[in-house]
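Chain IDs A, B, C, D, E and F follow the sequence of writing; residue 1 opens each chain.
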Amino acid sequence: MRPSGRAPDQLRPVSLEPGFSRHAEGSCLVKFGDTHVLCTASVDEKVPPWMRNSGKGWVTAEYGMLPRSTHTRTDREAARGKQSGRTQEIQRLIGRSLRAVVNLQAMGERQINIDCDVLQADGGTRTASITGAWVALHFAFQRLIKDGKLAANPLSGEVAAVSCGLWEGTAVLDLDYPEDSKAEADANFVLTGKGGIVEIQGTAEQDPFSEDQFLELLKLAKKGIGELSKLQRAAVGLD
Amino acid sequence: MRPSGRAPDQLRPVSLEPGFSRHAEGSCLVKFGDTHVLCTASVDEKVPPWMRNSGKGWVTAEYGMLPRSTHTRTDREAARGKQSGRTQEIQRLIGRSLRAVVNLQAMGERQINIDCDVLQADGGTRTASITGAWVALHFAFQRLIKDGKLAANPLSGEVAAVSCGLWEGTAVLDLDYPEDSKAEADANFVLTGKGGIVEIQGTAEQDPFSEDQFLELLKLAKKGIGELSKLQRAAVGLD
Amino acid sequence: MRPSGRAPDQLRPVSLEPGFSRHAEGSCLVKFGDTHVLCTASVDEKVPPWMRNSGKGWVTAEYGMLPRSTHTRTDREAARGKQSGRTQEIQRLIGRSLRAVVNLQAMGERQINIDCDVLQADGGTRTASITGAWVALHFAFQRLIKDGKLAANPLSGEVAAVSCGLWEGTAVLDLDYPEDSKAEADANFVLTGKGGIVEIQGTAEQDPFSEDQFLELLKLAKKGIGELSKLQRAAVGLD
Amino acid sequence: MRPSGRAPDQLRPVSLEPGFSRHAEGSCLVKFGDTHVLCTASVDEKVPPWMRNSGKGWVTAEYGMLPRSTHTRTDREAARGKQSGRTQEIQRLIGRSLRAVVNLQAMGERQINIDCDVLQADGGTRTASITGAWVALHFAFQRLIKDGKLAANPLSGEVAAVSCGLWEGTAVLDLDYPEDSKAEADANFVLTGKGGIVEIQGTAEQDPFSEDQFLELLKLAKKGIGELSKLQRAAVGLD
Amino acid sequence: MRPSGRAPDQLRPVSLEPGFSRHAEGSCLVKFGDTHVLCTASVDEKVPPWMRNSGKGWVTAEYGMLPRSTHTRTDREAARGKQSGRTQEIQRLIGRSLRAVVNLQAMGERQINIDCDVLQADGGTRTASITGAWVALHFAFQRLIKDGKLAANPLSGEVAAVSCGLWEGTAVLDLDYPEDSKAEADANFVLTGKGGIVEIQGTAEQDPFSEDQFLELLKLAKKGIGELSKLQRAAVGLD
Amino acid sequence: MRPSGRAPDQLRPVSLEPGFSRHAEGSCLVKFGDTHVLCTASVDEKVPPWMRNSGKGWVTAEYGMLPRSTHTRTDREAARGKQSGRTQEIQRLIGRSLRAVVNLQAMGERQINIDCDVLQADGGTRTASITGAWVALHFAFQRLIKDGKLAANPLSGEVAAVSCGLWEGTAVLDLDYPEDSKAEADANFVLTGKGGIVEIQGTAEQDPFSEDQFLELLKLAKKGIGELSKLQRAAVGLD
């Protein structure tokens, strides 16, 4: 029995609240249970120097946690003067995941900056971030269409993410913090709405695991991401 | 006529929502119109090295803005690797203001870290922060009482803050961003619930102003902070 | 009785020694009693990127303390790798105060960098800095006139600063270190030579203070700044 | 046909040269073709503060590239003043991978620092690093045994790593730089000598890939790591 | 003919003004012509961690230039966030030079921090710094004697420094800035009052120079340092 | 008797292995006994901003030590976030030394970056670096000739370096670590192949030394550098 009482293949209650932020071209407050992340998409009409005159655009991401989003207070990265390795790893992952479903040529020579800021953390902040950031990004592209700067949305489909893990020997979907901190293995899956694999990161936290166990996790992820994609489409009014 | 249609001595709609953050010992989401700040208070049972064995506690504050809390995106301070002068100035102000109403001796040798993170900015983020932080701090002390670590709340009363300014020649209360960016003078007042002055910061943005003009601003501030204190007391259940 | 034996409304002996620095376009060694600050003004024919083609100039300031300007040695900020919040707060204040009396349009598209370096500290380093920096700035503008780059001095008048405080219940002018470290309230006033208010920063160090007490401090400040302005005019040869 | 002429399931020539470094407790110069990494293992009799009195040891890793290990010169991270996100991601991966085969309890309360410095890069530096680091770590433990500080080697077996990818539609083993820069998908596998999965990181560089494609990559990885483990055992004299 | 009209073996006018700084245990304003450096010596009753319980003391130095000590303004190192290579090289040299004449055992387990801050620069700031720092250090030791913490001054004699160079083919003593910027060779000599060599740093700025030329420079340095040592002894009241 | 059994005027076994690095335009692995340094020369067709349109080129150097090149592990400078004073001092020395034998006009408006990375340290890393860097630089220029970008090699001759010191009262050539850590005096000499002096840095580690002792060290250096220059010429095929 999972601490939360969920079935092994059950997501936490997920909500996607677009338009949370008044100033951003696109925004979404995403909640995976008690994990709450504010995702914003900001359009910048300039690309980084190394992309100029390439005719292509770019999507990049930054990630942060509010100091007291965590169970005990975490030092503020701005005060420490640098971002941790974990932060950099996560923001690179978010950027890569989103770019996998963007036609960079079609979006024009501009950059979209995704910011994922964790207001409250209870496990799975990176997967919630990717899922919510896609919604924010969608709206930022819609804004560009509305402003006559783009003819069509350059997103080729949805991308969403979820974690799965081995917890007390069972494969479970969407780990929350109490599970995450005790899991024997932990994997993050980033899949498209059509089930294509964008990114897989699996780690044995204790003993190495087997190919069969890994395939069980992948199966759970496909189920979960199917549900998340449906929620994403609903949030942006596609269904 | 003010851009928002408010009367010169009228605050924006203000709300104080305690308990917004699940993990913090005290928290409050404060809204002054479209300015939204999440304030948390985290108890640390250790004081900084220079205070050890003093028998006294300490209250300190940190401040940050989410990158897209602003009209156009602002660089993330954690990514730039340092906090701006403005950030440091504000967090020092918040800490000083709160300490003015705390009996440091009575709170015991522990530290409370206040975090004020701006989710959305529309002028007056520092005054909203102080006002909301007081509520978060109150609840953190109440938690210590509930846990049997304190006998009474070491707060001597409320402290709140508001900005006033000269806008098109008129003294107005609680500047929002459109006013703030054009004001001829701008002053932040930090007062106690009983009207005592804790901090005054007034700046001529264009021409120097006169003593009489300054006294008009102070009068508005007293009115506004009277109203804010009432809201604070209601939020913590004191009235 | 003040520790120094001064009357409540008496400044420390003040001297303004222009031309202390051989290389700077303008310079002044300012002494408020044992507080000694070297102020230089350096002309840079370029403005910062965000001001280019605005037709306006800019005045900015930096502040530093020599490590042993203080009673016990303070760490060197260059060695620690960052400037403290206090340093940044002070240098922002100096810049704002000077700009309040400069016609930025008239000074042409160039920047003047003010450096205020404290050689010896005994309280009131920020107010001495502003007062001395005005003299340095005046001479830098005179140099531009002499070099045929400006037709007239773009300063609209003097600006000077002084601190006042409540010390053992009495309002006193121009706090030195022994007073400053025990004052119940402390306020810095930046006024023009004509008495206009440029900046007010007042802080209750212990209990909140009243409006009447604040007005007493302001009255002292006006008297003190009247005297400082006279010394400034003498130092630049205007009287 | 691969640019190097290798068969799809063929590793580059791999060599593991232990004892390259005179001072380190364990060391290995690992070559995967033209990718050369110097791995050292340094014993530190102290653990980090958060592990003290836990009775357990720790293995951590750092990674760096010499500025001209790359085709064109890369800026030196020490000169830029910070490590890139990529560097931090890699060194976290190396540490996690090694710890998966170390009995931290058995190694005693000490820390081993692994340094992986890339002398020459031609793709796959992180997988070569893990493979070579295991050899260096083995020798560091042997040194502790020889010095009477450990009774037995706390390694539970080998761990090695290899990259696989989709290159022009074909699944290939051990990507070199010309392949890596054009691969459609790229995955790094960290497996134990017995075939257990320690870490999987797969990324679609262009279009998402399918589960079947992923299983092909995993199959290649198992074959490659089988060969690498054999070379590791030979290098440390276990076979 | 030298730009300054000095004879080849002639120092600039040198003055050593002790007690310039009110707070420091020892201080000296040293002037080599238009090069002015404020040297302070601060006693710290703690040694750095790596020296604890060694029974020995330590002398260390820091060096800085005020931004407008130079002909055109130099960026402030505290604002840039790091000390330049040149600064670090100079402060290491000052520390080594002073330690050469201090009996570290005899000075007791305490540290003296030397700060050399250049108020105005016209060439030779490092040699002026060493020469003035010795005077400040002497007085700091005298203060320790007066306070009953030391029985005798642990300085074994004077140490002073001067630069020599080849300028238009002639060996000249004590280069000022106009000479320094055109010299064919430049050498800094640190010698004791008795003529012992503590440090030599010679650099060919253009063509390599010969042993004979080098010996000429050394001869000039001995003469110059003889004069400087006499001035040092006078400044501390030894003659 | 020296710890290594060498005669006082005997170099360690020296080898210069060009072409160690596959990607660099020039490279050399230099060994002075157990001190091993990898030197690379990277051509950059751009000069730094302050040299643009000067018609001259530039040679600059960076230096680093692998963390476990030393007897006990040294912290990685990239992880600490800054280069030590020692590192900066050495890389400035390497750059200056090489520029002394380069015709900057003749090399064209491009920059060559020298990287000296210590793989293993046993004393004399800076002198080995200079000696090996000259070989790398020579080959980088040869590459530019081969590519038709230069007509002739802009090197005016060799430059090499060696340390000498007083060890147990005897002047000895080419100190290794056991000697270096106990030497009474230590000097680094950078000379051209023709015996011209480029740089001299001598330091008394304990008591000051005399002119006669210094001349003995210089004599040894000349002998050693004569031998090193011969090895350099052989390594680049000039003899």
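Worth a mention:
Everything that follows uses one rule, which is that contacts are C-beta pairs under 8 Å (C-beta built on N, C-alpha and C of every residue); 3 or more make two chains touch, one makes a residue touch a chain.
Listed by chain with UniProt protein names: A, B, C, D, E, F = Ribonuclease PH.
Owing to the predicted nature of the structure, the values given are computational and were not obtained by experimental measurement.
Common neighbours of subunit B and subunit E under the contact definition above: C.
Ranking every chain by how far its Cα centroid lies from the centroid of subunit E, the top place goes to A. Think of it this way: of D-F, A-D or A-B, only one pair shares over half of the B-C contact pairs by residue number, and it is A-D.
Distance between chain centres (mean CA atoms), subunit E to subunit F: 28 Å. With centres defined as mean CA coordinates, subunit E is found 59 Å away from subunit A.
The geometric centre of subunit C is 33 Å away from that of subunit E, both derived from CA atoms.
For subunit A, residues touching at least two other chains, in rising order: 81-82. Traced around the ring of touching chains, beginning at subunit D and stepping first to subunit F, the chains run D, F, E, C, B, A. On the subunit B side of its complex with subunit A, the touching residues are 21-24, 27, 34, 38, 40, 42, 44, 62, 64, 66-73, 76-79, 81-83, 87, 113, 115, 117, 119-122. Contacts from subunit A toward subunit D in the complex involve residues 82, 84-86, 88-89, 91-92, 96, 100, 187, 191-192, 194, 196-204, 207-211, 214, 218.
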